[in-house]
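Note that the chains take the letters A, B, C, D, E and F in the order they are written out, and that residue 1 is the start of every chain.
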Amino acid sequence: MSVETPETGVLDAGAKAAVLAEALPYIRRFWGKVVVVKYGGNAIEDPQGLTLFAQDIVLMRSVGMRPVVVHGGGPQIGELMTRLGKVAEFRDGLRVTDAETLDIARMVLVGKVNRDIVGAVNVHGPLAVGLSGEDAGLILVSARDPELGFVGEVQAVNPTIVERLLAQELIPVVATIGSDEAGQAYNVNADAVAGAVAAALKAEKLVYLTNVEGVRRERDDPASLISTTSTEELEELLTEGRVAEGMIPKVVSCVRAVRAGVGHAHVLDGRVPHALLLEVFTHEGVGTMVSR
Amino acid sequence: MSVETPETGVLDAGAKAAVLAEALPYIRRFWGKVVVVKYGGNAIEDPQGLTLFAQDIVLMRSVGMRPVVVHGGGPQIGELMTRLGKVAEFRDGLRVTDAETLDIARMVLVGKVNRDIVGAVNVHGPLAVGLSGEDAGLILVSARDPELGFVGEVQAVNPTIVERLLAQELIPVVATIGSDEAGQAYNVNADAVAGAVAAALKAEKLVYLTNVEGVRRERDDPASLISTTSTEELEELLTEGRVAEGMIPKVVSCVRAVRAGVGHAHVLDGRVPHALLLEVFTHEGVGTMVSR
Amino acid sequence: MSVETPETGVLDAGAKAAVLAEALPYIRRFWGKVVVVKYGGNAIEDPQGLTLFAQDIVLMRSVGMRPVVVHGGGPQIGELMTRLGKVAEFRDGLRVTDAETLDIARMVLVGKVNRDIVGAVNVHGPLAVGLSGEDAGLILVSARDPELGFVGEVQAVNPTIVERLLAQELIPVVATIGSDEAGQAYNVNADAVAGAVAAALKAEKLVYLTNVEGVRRERDDPASLISTTSTEELEELLTEGRVAEGMIPKVVSCVRAVRAGVGHAHVLDGRVPHALLLEVFTHEGVGTMVSR
Amino acid sequence: MSVETPETGVLDAGAKAAVLAEALPYIRRFWGKVVVVKYGGNAIEDPQGLTLFAQDIVLMRSVGMRPVVVHGGGPQIGELMTRLGKVAEFRDGLRVTDAETLDIARMVLVGKVNRDIVGAVNVHGPLAVGLSGEDAGLILVSARDPELGFVGEVQAVNPTIVERLLAQELIPVVATIGSDEAGQAYNVNADAVAGAVAAALKAEKLVYLTNVEGVRRERDDPASLISTTSTEELEELLTEGRVAEGMIPKVVSCVRAVRAGVGHAHVLDGRVPHALLLEVFTHEGVGTMVSR
Amino acid sequence: MSVETPETGVLDAGAKAAVLAEALPYIRRFWGKVVVVKYGGNAIEDPQGLTLFAQDIVLMRSVGMRPVVVHGGGPQIGELMTRLGKVAEFRDGLRVTDAETLDIARMVLVGKVNRDIVGAVNVHGPLAVGLSGEDAGLILVSARDPELGFVGEVQAVNPTIVERLLAQELIPVVATIGSDEAGQAYNVNADAVAGAVAAALKAEKLVYLTNVEGVRRERDDPASLISTTSTEELEELLTEGRVAEGMIPKVVSCVRAVRAGVGHAHVLDGRVPHALLLEVFTHEGVGTMVSR
Amino acid sequence: MSVETPETGVLDAGAKAAVLAEALPYIRRFWGKVVVVKYGGNAIEDPQGLTLFAQDIVLMRSVGMRPVVVHGGGPQIGELMTRLGKVAEFRDGLRVTDAETLDIARMVLVGKVNRDIVGAVNVHGPLAVGLSGEDAGLILVSARDPELGFVGEVQAVNPTIVERLLAQELIPVVATIGSDEAGQAYNVNADAVAGAVAAALKAEKLVYLTNVEGVRRERDDPASLISTTSTEELEELLTEGRVAEGMIPKVVSCVRAVRAGVGHAHVLDGRVPHALLLEVFTHEGVGTMVSR
C-alpha cells in the first residue's frame, strides 16, 4: 500500500503494540458484523478524503467486519443539471424529479459517484461491487407525492443480493435509486435508504459520515454536541424542532434503525481523517452515538 | 405477463404442442450452459425491441440456460456529449476519450443503458444485476494508445463475480467500462469485451445481436449472406478485406472466442422479433453461425 | 430426437416464437414444482401414445419441473392371468387377489408395465428409475378386506426415496404394489396411490391421464363436461351418484389430494397427443381442473 | 428381531465377547467398503436361506459396509415359461430369447425374484431398493449373437444410480436385465453382471453365493477344493478345461473383476448358514478366495 | 490385531455366526448414538483391563456408536502426592485442594491417566484425542466450598468441542479438570462430570465401569443386586440411606442424567472382561440398568 | 479486556489511526495463514509475559490468522524431577529418559505447561485446545538412540487433528510428546517438533520466541545480530560452528522448514512485550528472519 503514514515513524515499538492491543477487543466484538456506512455527496468531492475512507472500509473488512456503503450525490446531480441547462426545482427541500431529471440523477449516482467509490476501494484489490437499488429488487419504493415526480419513498428492502455479496466477502456499494413494482425507477433519499438497508440487514452499526461534528442539543450551539444519546431523547429533540434541517433525515433514520434492531447508530464527522477507524477500533469517541 | 401474443391465437393445439416438442432437444442440450449475448447500442433505442429481448433472455434462463448480457452504447454517449456541447473526436474509428469524455461514457453506459436493460428484465422479477467491468476486477484493461486517451484494450477477464451471480441464477448485465491495474477506468469496445467474457466463461454460445442480417461473403452483396462458417473462412475474409467495417470487431471476436473454447459464435439480426429464441430453440437458422 | 414433427414445418418463424413466448410464464411458474402423473393401463397399450407421453414427461423435466409417474396395469394383469388359465374373480369391482394372483400382478406391474414406461423415457437418456411401492418403505398398506385377499388400502406414504431421486433430477416411475408392516406385498388401486403420493410430496399438480374427455356433470351427457370445478362441487356430484363408476376413484382422489395441499388436480384426455404439454404450457384448457 | 438364535443360549458370556472381539478388526477393515454379492436363482427358492441371507446383508450394512445384491433367476424363468406353455430353447448353454421370452424373463426377474429379495431385506426396515439394469442407464449391453435373440453382453456399467443409493445408506438389489443404446431390453448373465458392477464400483469384495463348496482344482475331486488362489492359477485352470461348466462364468468374472481393481473375489457355499458373515467377520475361511 | 482370543478357537462356525447375528439388532439400534463411559481410577491400574477396555471402545466406534470416555484418577493423585511428601487432607470425603495439590491433580489426570487411556486406544489407530475440561470451555465450574480450595462443582457443560471430535469420528477422552469464568482450574468429581457430559450430549447411554457388581437394594447384601430400576426407586434408596458411600455420586448422577434426557444409565462390573460389549451387544444383562 | 494499556493514553487520535492503518496491509496479507509459534519453557515462567503472549495469539486469530502454539518445558521437568529426588542425566545435551522420567516429562508438559498456556488463552474465550503429540497420531517418532531411552526423533507429522481444530477457528496448543508405531510415548525436542509441524501445515510463518535477540553471525558478538538471512547463509554458519549451542536446533529447524515450503522462519526476542504483534503487523523488524 503506497499510502504515506509519516506520523507513525515517531512512535516507538511499545506505543505501536499498545494501539494494536487496544484494538483487539473491538476486533473480536465486531467480527462478522455488518456495518452500513452512509457516505455523503459532499465528502466524495474531496479525493484525499475518499482515499482515506476507502482505506478504512478495506481495513474493516480485513478484520472480519462486513461493511456496506450507501451513498447519495446531490451536489453532483445539481452540477450535471446545470451543465445541461436544466433548472432544479425544489419543494419542501425535495428535488422535483421529472423523467429527464431522473435520467440525469441515475447517470450521476450509478454511473459516476458509485463508480468513483468502487474505484477507490478497488485500488486495494477486487473487493467492491457497485449496486443500484434497482438490482435484483433491492430497494422497492412508491411515489412520495405525484407533484414531486419520480421521488420515491422506501417501501421495502430485499437485502438478498447484498447478503450474497457479503457472504462472498465483497463490499457492496449502493447507489440510492429504487424501483416500484412496475419496474419504474425513482430517486430516493440516501439517508433513508441507509437506515432501511441497515434495518433489513440487522446491522450492528449504522454510520452517517457527515461534514459536521455530530448532533447538537441546540442547533446553533457547538458546545451542545451530544456524545451518546437514546432514541427517546432524539425524538424529543425532533419534536421540539431543535435538530438542524440537514440533520433531520439522519436523525429520523437513526431512530428508526435502532428501533428496528440495529445495534448502534452513529453520526460522525467525516472530515476527521480515519474517523471510522477511530470510532470502531479505539476507546476514542467521535461524534454522536445512538443506542436503545 | 401482459405481452400481447396475438399470432398464437390462430394456431391449433396440435401445432402448439409440436413447437414445444420441437424445442425439447434444444432445451436439454443447453441446460446449464452459459450464453453471452452482446446487445448493441442501436437496438436499445427501440423500446419494443428491448421488451422482446428481455423476454427472450428471461425465457432462456427459465429453461435452465445461463445468459449474460454485454452491452455498449455509442449512440447514447454521443447524444449526451452533444447536449453537453462537447465535440466528439475520432481516430481510426475510435473515440478519443479524455477524462471528461470518459466520465460521460461511464455515466451513460453504467448509469443509463445498463439500467434500462436491467429494468426491462426485472419487469419479470428480481433477476438482473447490473455490473460495470470495474466491479470486483471483472475487466482488466491497458491503454490502447496514448493518443486516444482512456480507450482500453482488454488484457484479462476475471469472471468470478459473473460466475457467482450465475450460480445464484441471476442475470448479469455488463457495461463495458474496464479498469487498469491502478484502478483507472477506461472505455472499451463492447464487441471485444463480449468475446473475452465468453472465452473466460467457456461459454457455450457467443451471440451478437446486430441490425444487419449476418456476415456476408461480399460486403455489398446481400445474397452472399453466410449461414454457417468456420474460423478459417472468417480469417480469410478478414485478410482479404471483405468484411464490412462495423462488422470487423464482431468477426474478430467470434474467431478468437471460438478458438478459446466457446462452442459457437453467432451474428444475428436483432431486428427479427425473438431472434434469440428462434436461433436457440428451433430448427430455424437465423444469421451467421461460426464453428471450429 | 427422431420423432416426426411434420406440423411445425408449415409454421413461420414468428408463430413458433410466439408459442415459445407463450410458454414462458408457465415455465417460470412451475420451475422446481412436483407433478404427479397417473398413467393408465389402457394408455400403455398404445405404443405411439407411450412415445408421446414419454416425450412430454422429459420435456417437463427439461424445463425444471419434477415429474413423478404412477401407473397401474389392470388389462395387462388380466391378460397374463388368462394365459396362465387363472380365472379372475371380482367383488364390488375389486379383483380378489390370492397369493398367486398377487405374484402375477406384481410381475406384470413391476416387471412389465413399469419397465415399458421406464424404457420409453430412457430413450431420451438415463433419466427414469423404476420403483415398486415396496422399495424403501414407499407405500405402506393394510388389507382392505380379508375376503379380497392381498388387496391393500394405502395407510401412509413415505416419500423419502422419491424425493431423493427427484433431488438427483431423475424421474421416478412407481408401480402400485405396497407392503404392510410385516413386509407382505399387496396390490393397490393406482388412482388412490397417485393421489396419496401427490399429497405426501405436496405436489403442485396431480394429473390423471384417462381415455375420456374429463369429468361430466351428468355421467351420460358429453355436453356436461366440466372445465374447472371445486372440491365442494365434486363431493356433491359424488353424493348424488352422478360420477361414472370408473371415474369415482379418480374424483375421490382429486378431492383428497387438493384438500391435503396439492395445488391443482386434473383429469385429462390422454388420447389427445401431447395433452400434458398443452395443459401445462399453454392457455389451452384440456379436460377438468380441480381447485380448492 | 424375531429370528430364532437358539445356539447362542449355551454360550457363556466370555465366549460371546470373544466372538465379538474377533470381529472387531474385520469390521474396521471393511468400514465403508462396497461388497457386491451375487445371489443365485437356486438359493432364492429356499425361504429359510433367503431369511438368513437378508439378515447377513443387513448386518453388513449395520457395521458400515455397503452391500450390493445382484441376482439372476434361471429356474424361476423356466418355471413360468413352462406354465405359459413355452418351450425353452438353449444354444451352448444360453437361453434363446425371443421377445416373448424376454418379457417373461423380465417379469420374473424384476417383478418376482427382485421383489422377493427386496421384501426379505425390508423386513428389517426400509433399506432395500430394487433396480433393473435398465434404470438410469445402469447396464448397457449389446446383442451377443443374433441367433440368440435378446441375450445381451455387458458393454458398460454406469454405476451412478447404485452409488447414489449407497450414499443414502440404501441397499441396491439389481435384476440382471440390461438395455442397449436404443433402449431395447436384453437378458444378461447374472454372474457377468455381478463382476462388471463390482469392477465399476471398485468394490472391496465380489462374492458369489453358490450351491457348491467352492472352486476345485480337479472338477470331480471334492478334496481338491481351493482355499486361496490367484488370477494366474484360475486362468490356467480355465485353459486346461478343469473348471466345471456352471462355474466357468463365475471364475471368468472373478478373474476379470480382480484384474479391474476389485480387492478380492470369493466363491462361497451359500448352503452354509450365515456363510457371508463367517467369511467377512471371522478367521474362518469358507470356500475359495481369489486375490491378485 | 495381536490380541489373543483363544476362547473362540473352540467355537464352531455356527455358534460364531449366531453370536454375530444376535448382535445385529443392537448394532442397528445404537448406530450413531453417543455413549458416555466413566472409567475409574482403580480400573486404570490394571494394564490387561485397560487393553480390553480400549478394545471395547474401539469396537463400539467401529459399529457406528460414538463413545466418549470420562475418567478420574484418585489413586494416582494420591500416589504422586505421597512421593512429593505432601499429606492429603479430606473433609467429608472430598480432598482439600490447595494450589499445589491442584497442580499435582492436573498433572496426574491430564498428563498421565488421560495419556494412558489415549495411548491404549490409539494402539488401534489414530482414534483418541485427550481433552481436559478446560479445553474450549468444556466444563464450567464454581468453587464448591472455600474451605475445600480448588474443588469445583459443575455449573455447565459446553459440549461443542466434544461434538466436533465425535463428528470427525474421533474418540474424546476427558480428564475431569474444569475451569471457572476467570479461567481458574479446579478438580471436579469424575462421576458428576460423566453425568453432566452425558446430559449435555443427550447421550443414549451413560455407563459407570466400577469394581463392584452393581447397585444393591441393601448395601451389605450381595443377593440384593438390582438388575433394572427406575429413577424413583433409586431416589428412595438414596433417601433411606441404603446406597453404599462410594456408590452415592454414581447413583445421584444416574438419576440426574436420565431425568435430563439420557436414554439409560448403567453401573457395570468393570472387572468382567468385555463387560461393555456384553451389555451393549448381547441379551446378557450385566450390572444395574436405570430407566425413566 | 482488563489488561492495562497506559501508554496509548498519551497518543493522539491521529497517531492511533496511523498505527491501525499501518497494520492494514499486513492483516490482509496474512488472512487465513497458519503461523506456528514455538513458546519456550523459560518464557512460561514469567506470568506477565504469558499474559501478553496469550493476548498476541488471540489478536492474530481475531484478524483471521490461524496460530498454532508448540511448547516444551525443560526447566519445569527438571524441577519436578528434583522434587521427586530423581537425578537428571544428560548425554550430548539430551536428557536420558527412562520410563519414570518419561512419565514425569509427560505429566509436566501435558498436565502443567500445556494447561497453563491453554488457560492463559482461554481467559479471552473458549478458544484454545490442548493437544499432546500422541493425540490422533499427530507426531510419529522413533527412538533416537537406545542409550537415551525414550527420547524420540520426529519421523512424520499427521496434521489432520490440528487442521480440523484450525478449521473450527480454535487455537491448538501442542505439547511435544510423540508416540511410535506401537503407541509408546517419547519425549521430543520442541524446536524440532515446531519446525516439523510448520512444514506439515505448509505454514506461512514459523516463529521461535526465545530469550535472546536473534541469531548472530558471531556467537559472542551482540553487534553481529542478523536481521534477515537465507537458508544458505545459515547452513554456512552451522558448518563453520558459529551458531550458539542452544540456538542450533532452532536454526536447523528454520532451514528445514523454509526448504519444506514454510514462507518465512523467525527467531524473535520473546522478552520484548508484544514481540509477535510488532513482527507481524508493523514495519518494525524484530529479531532474525529466514527466507528462501
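The definition used in the following text is that a residue touches a chain if its C-beta (ideal position, glycine included) is under 8 Å from a C-beta of that chain, and two chains touch if they have at least 3 such contacts.
As the structure is a computational prediction, the values presented were derived from the model and not from experiment.
Trainee: On the document's contact criterion, could you list the chains that touch chain B and likewise touch chain F?
Mentor: Where chain B and chain F share a partner, that partner set is A.
Trainee: Looking at CA centres, what chain is most distant from chain B?
Mentor: Using the mean of the C-alpha atoms as each chain's centre, the farthest one from chain B is E.
Trainee: I need the pair from E-F, C-D or A-F whose contacts repeat those of B-C. Over half of the residue-number contact pairs should coincide.
Mentor: Repeated interface of B-C: A-F.
Trainee: With centres defined as the mean C-alpha position, give me the chain A-chain E separation in Å.
Mentor: Here the centre of chain E sits 57 Å away from the centre of chain A.
Trainee: Report the inter-chain centroid distance for chain D and chain E in whole angstrom, where each centroid is the mean of the CA atoms.
Mentor: 44
Trainee: How far is the middle of chain A from the middle of chain B, if each middle is the mean of its Cα atoms, in Å?
Mentor: 35
Trainee: Which residues belonging to chain C are in contact with no fewer than two other chains?
Mentor: Those would be 125.
Trainee: Quick one: do these chains touch in a line, a ring, a star, all-to-all (complete), or other?
Mentor: It is a ring, because the chains touch in a row that closes back on itself.
Trainee: Quick check: in the complex, which residue numbers of chain F touch chain E?
Mentor: 80, 83-84, 103, 106-112, 114-115, 118-120, 122-123, 125-132, 134-138, 158, 160-161, 164, 168, 170, 177, 179, 182-185
Trainee: Over in the complex, which chain A residues touch chain F? Could you list them?
Mentor: 1, 3, 5, 7-8, 11, 13-25, 27-28, 31, 55, 58-59, 62-64, 124-125, 272-274, 277-278, 281-282, 284, 286
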